[in-house]
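Read through the structures below before going on.
Both complexes below contain subunit A, partnered by subunit B and then by subunit C.
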Partner chain A sequence: MDTNTKTLGEALRRNGVTRRGFLKFCTATASMMALPPSMVPAIAAALEQARRPSVIWLSFQECTGCTESLSRSHAPSLENLIFDHISLDYHHTLQVASGEAAEAAREAAMHANEGAYLVVVDGSIPLGNPGYSTIAGFSNLQTLEETVAGAVAVIAVGTCASFGGLPKAYPNPTGAVSVSDIVTDKPVINVPGCPPIPMVITGVLAHYLTFGTLPELDHYGRPKAFYGTSIHDRCYRRPFYDKGRFAHTFDDEGARKGWCLYKLGCKGPMTYNACATAKWNQGTSWPVESGHGCIGCAEPDFWDAGGFYNALSVPTGEISRNASYAIAAGVGVGAIAAGINQRTRNKAVRQHAEVTIEDLEKR
Partner chain B sequence: MNALKSIPVLVEAPATRDFCYQNTLPLLHEISHALRRLQQEQLPTTIDLNAIPFGPGDEQRLLEFLGRGEVSAHLEALGNSSVWESGYPGIWFIEHRNESGERVAFQMEITTLPAILATHPDDIAESLSSLQKALENPSLGHRIGD
Partner chain C sequence: MSERIVVDPITRIEGHLRIEAQMKGNRIEQAYSSGTMVRGIETILKGRDPRDAWAYAQRICGVCTLVHGIASIRAVEDALNYDIPKNAQLIRNLMIGAQYIHDHVMHFYHLHALDWVDVVSALKADPQATAELAQSLSSWPNSSPGYFADTRRRLADFVESGQLGIFANGYWGHPEYKLPPEANLMAVAHYLEALAWQREVVKLHTIFGGKNPHPNFLVGGVASPIDLNSDSAINARRLSQVQDVISRMRQFVDQVYLPDTLAIASFYKEWFKRGEGLGNFLCYGDLPATNMRDRDSFLFPPGVILDRDLSRVHEIDMHDKAQIQEYVAHSWYNYSTGKETGLHPYDGETQLDYTGPEPPFKQLQVEDPYSWIKSPRWRDKAMEVGPLSRVLLLYASGHEPTRELARFALAKLDLPIIALFSTLGRTAARTLESKLLADAMQGWFDDLVSNIKRGDTRTFNEALWDPSTWPETCQGAGFMEAPRGALGHWVVIRNGKIANYQAVVPSTWNAGPRDASGQSGAYEAALQDQHTLVDSSQPLEILRTIHSFDPCIACAVHLADEAGDELIKIQISG
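Right after this comes the complex of A and B.
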């Protein structure tokens, strides 16, 4: 692809971007990457030389909320960053091509950029019946393994891709697992959130575009620049928490005065994300500012964390079950995985027993 | 994305000034330390205001407190940008917007002149060579009515 031979600096100049425009672009990029303003000169130097990486975007068991979030990203602007400065070669929701032509585009990008392309994944991978989620007749697992083989790294966008997310919520009927449960021989960057903050998605892509390296990650594989501080530590309501001033209902005096939402179930203290500063809807607000506690959507198993409105509790997801899936995926999803999934399915069937006409008639 | 503006959402301002989330005051202290550094060591400081956990009304309170000084500039590059000196000289605000008018960066620079306003040395060199080229053009005298 000839686009790979052009640096970002050249591309911007060819488009008539002035030096002040470039400095502005770098300033916005630093802000978006949550890097200090002192990094702007380094970003400018790196962006001068940055080349367009090829990106293949795979969507598995997901609700398209992550793509919705990204396509509403505004900084520096989606068109500039994503469509001009990365080469988005496959994204079955956004691309015009469909069917065989779409799959041919994916294969062509993989072939042309062997060992150098990025794979972005949203959605979890069902290890139960492959029929739960397929693309062009291939199971999600097959597509992921095939596409990732020649990739330089994988970015798991959203809590489903990062940790299994909503599909993995108890009783996990599809045997959903995360990308990092399958991909163990490549760097996997987790960008969780349900959906993730648009600026965080583009910020991670911008980091790779700018420096050609992957950002520093925490123990959950999340970029520290965005997930290094808890919501609680950056929350403007924190002074009320420290003073023990809490809202007890959504319409009491405390709620009206903007006191801490901890007792209404806020998961801010256990949640690491950038909502408190990056905010949502072009910086308009974020959940706590809107008067609702954080639901902890960037953390593993948030859906099973014991109720959004219960004061903080730890996730009740079965840790041993997660480990089983990870092991199963590591051995190539053979007999062990099948056994585990069968057990999971049986359990799900027991808990969500179908009601037949005969059953109804008996009652 | 501009469609968001058409949704009739009214963000209510805090009822009283006591309704303060206490993030403005620590920031003002930080700014005062930066101003001292600028005065004594000629060291400029940039603060990314997007990274400050402002509560409702905090940003507005900061802007009102610092006020506007005698200098403001407008920049048109990849969308509009506004640069203005606050009522406290040496404290500048730089607000960058993209082509859709959305804010993409909001910074404060404690400096003598924000870097984005200064002419880049490479631009000066290019400017000189293009002016010389224009002066060498024989039709110039005719064009400017000499």
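Right after this comes the complex of A and C.
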């Protein structure tokens, strides 16, 4: 394969795109990602200088729901992401090549981008028996260890990769574990959800592509930008909770009028995710808006946290957050990564002052 | 000496599939299909609240993200004799229909098309000639020379970047790619458009189920209430959004998917002569006009076709233990009754028993167990399930719109009806049923609106929600026609909890290994049907036929109770 290293900036100029046009694009990108104008230079620099970063996506004990969710992202869309922003060099569901040709693509990407590529993982890893999940004759553990060796960071997409998810639910028949149970020597970003919100998956990638850093993480290794607040605290039905107005069954007056679903088992108070603000599928709706309580799918061990229709015994936020779930995997790794990111992020912010398109054109 | 070709991973599918082909010269003599990943979801389901089961079962697969949720709530409702309101049935039909069309279009463009479409050749296309081609096929508006010039430029920039990403290492330039550059460019444009289209049409699931993938379901109805005077329920705004999605689906199927299928197929007519395999086809039936007990009201009829004989449809009975059985002779499971025996799902019994080679390995020992998929059989015969089975059942049962559509498509291609028994027949059947379903969706939507107009806004039946109303022990089966074929879930409920759970899914029927008598599964048989490889290092032909089934391997691999300590007897209503 051609190893031409032409950058995006060069490609745009060769295709007759003016610098002003390019910067307008960067401004629009910043606006789309809800970033302040001061971030435009960072975006422009990132886009101009780099080849598209290589991303290797590994699928283990998974259902492909996370990939499907990726394909639902509106901004950036999947097609823009893979054509313009990243080089998706290995991905079972999307890549054309099969068999040896697919594995060769993975190996080529690892060699060409040693120390610089991102690994995305969906699915848990079974440790009960190496034969429980194999790809090209290799156990998932072998594939994961080999592939992450030269990676800059790992993004665990979905609750299975982040926390073990459904395969790890009692009695965990295959000995499934999370990515951060295995990868302990480099940053692991957990992007849980079953599946994660489409825009959250691409939002984490966009953060890395734009700022060149990993986002700040919470104690479960989750980006604070998307997992910093409970569903309950952002829920549009919260005023009805505060007023004590609840749906008592599906399709009663409370259900029809959009009152609080707490008594129907909503796990919003103990679930940290962006559903209530980002919503799903281009803001169309989200579970609570469509009448079903939150099932808590972004939290560790939510499958074993009691029935989906049983009301929580402790209905408020912070206390239940740590008490309700078993010990989360990856806390240590997440904290280290968060520390690294905090420093690099602060530095990045210091270096970028307010600028306009006009300022940029002078440069 | 004969060569063993291994393709692992098979990409552009759901899940983890490995194909090994034993060659005789350049011809496939024996093919072996292996599912290489197991999770154990049915074991995890034991002891749970049956009303929660849909959420666990749904995670069997995130591509056909709706089907296991639906099969699960139907199984629990069957066990409890739980009726659902008419609106809930119509909304479920709409969600199922939307799943089909979304799934089939994505399969065609994003999983299957690049077996037939050479992306690199598209760079040589003339945009003017591409526009003329597109306009000769359809009234789809994105067809100007400028539009195709832009698409070609975008593709050229991408290729020139030297980073081919998902297109790296494709078998570009393989002599089996037969489309002219203009058809390739048109298909690439539609590949990209379909990605954008699918993001819009999944919103139907989001409106009723709150999200997609993995929308929410509810035993006893649907969770989204209808209230025309509420801003937080299904109201006129929501219904307009649903109508918009249905219109977009119909337009894309009529103006892009159907014409593209016929246009591409016309260059590959030899693929209507190979890849049939079994010649036996099975359907459980689905999409009731009334309710799940009223099989006569189903859009898709249940039944079995044997040996290509369309003059006779055999009745299928899911609770007759002599009919459906699963074998594990070549699967990594044990049976207490012995590895050579077959068991009906009622008696479902499975213990994980990996006896394959220690990873890393080069080749499977195919005389031994070689897959995490079992081998289901109907009256000891291997069956194909899926779009081709449904279209043949519709055709055999005299469904006039299907006959007309099949006649139209075959006339366009100048092919006889027998051409459907093939690799591309399977692909074409998927397109044809999408057309039938897109039209049916409008009907269900109109019924929903008139029902609301009549004042019926019920979406949930509370009568049996409380487990204290349930019998101490009950059991039921939920079935559906998933996009990939016949799907059944069986549940046993004891003291309000799941005592046992078993699923037999479409890709288990199609992707399963040989049974105790050595009979191949549908993938294997299809590959053993007249497949020669032009270049064994680029086994494009294997991908074509395997992709024509739209494999869903996470679905296919399942496992029931590890103990296998009880016999389960289930009566299916109706």
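Just so we're on the same page, the second predicted complex is superposed on the first by the 259 of 363 C-alpha atoms of A that agree within 3 Å, B and C clash if a C-alpha of one lies under 4 Å from a C-alpha of the other, contacts with A are read in each partner's own complex, and residues count from 1 in each chain.
Operating definition for what follows: a contact is a pair of C-beta atoms (placed from the backbone, for glycine too) under 8 Å apart; a residue touches a chain by one contact, two chains touch by 3 or more.
Being a predicted model, the structure only gives us computed values, none of them experimental.
S.K.: With both structures superposed, pick whichever of subunit B and subunit C touches the larger number of subunit A residues.
M.R.: C
S.K.: Does subunit B (first) or subunit C (second) touch A:Lys257, or do both, or does neither?
M.R.: A:Lys257 contacts both subunit B and subunit C.
S.K.: Considering only the touch criterion stated at the top, classify A:Ala276 as touching first (subunit B), second (subunit C), both, or neither.
M.R.: Only subunit B; A:Ala276 stays clear of subunit C.
S.K.: Just to be sure I read the superposition right, which of the two partners does A:Tyr208 touch: subunit B = first, subunit C = second, or both, or neither?
M.R.: Neither partner.
S.K.: Report for A:Pro287: first if it touches subunit B alone, second if subunit C alone, otherwise both or neither.
M.R.: In the superposition, A:Pro287 touches subunit C alone.
S.K.: Let me test your reading of the model: by the given contact rule, A:Tyr117 touches which partner, first (subunit B), second (subunit C), both or neither?
M.R.: In the superposed model, A:Tyr117 contacts neither subunit B nor subunit C.
S.K.: Check whether A:Arg234 is in contact with subunit B, with subunit C, with both or with neither, and answer first, second, both or neither.
M.R.: The answer is first: A:Arg234 touches subunit B but not subunit C.
S.K.: In the superposed arrangement, does A:Leu166 touch subunit B (first), subunit C (second), both or neither?
M.R.: In the superposition, A:Leu166 contacts subunit C only.
S.K.: Let me test your reading of the model: by the given contact rule, A:Ala101 touches which partner, first (subunit B), second (subunit C), both or neither?
M.R.: second
S.K.: Residues on subunit A in contact with subunit B in one complex and with subunit C in the other?
M.R.: 72, 74, 77, 237, 257-258, 281-282, 284-285, 289
S.K.: Which residues, counting only subunit C, touch subunit A once they are in their complex?
M.R.: 6-16, 18, 36-41, 43-44, 48-49, 51-52, 55-56, 59-63, 65, 106, 110-111, 114, 119, 153-154, 157-158, 160-171, 192, 195-196, 198-199, 202-203, 205-214, 216, 218, 220-227, 230-233, 241, 332, 352, 354, 356-362, 458-460, 462, 465, 537-539, 543, 554, 559, 562
S.K.: What does subunit A use to touch subunit C in their complex?
M.R.: Residue positions touching the partner: 1-6, 8, 11, 15, 51-52, 54, 59-69, 71-74, 77-79, 82-83, 86-89, 91-105, 108, 126, 129-139, 142, 166-167, 169-171, 173-174, 176, 194-195, 237, 249-251, 255-258, 275, 280-282, 284-292, 295, 297, 303, 307-309.
S.K.: Please output the residues of subunit B touching subunit A within their complex, sorted ascending.
M.R.: Counting only subunit B, the residues touching subunit A are 1, 4, 9, 11, 14, 19, 21-23, 46-48, 50-56, 58, 75, 77-78, 81, 94, 96, 98-100, 102-105, 107, 115-116, 120, 122-123.
S.K.: Show which residues of subunit A lie in contact with subunit B when the two form their complex.
M.R.: 17-21, 23-25, 27-28, 30-32, 34, 36-38, 40, 72, 74-77, 80, 234-237, 239, 257-258, 276-278, 281-285, 289
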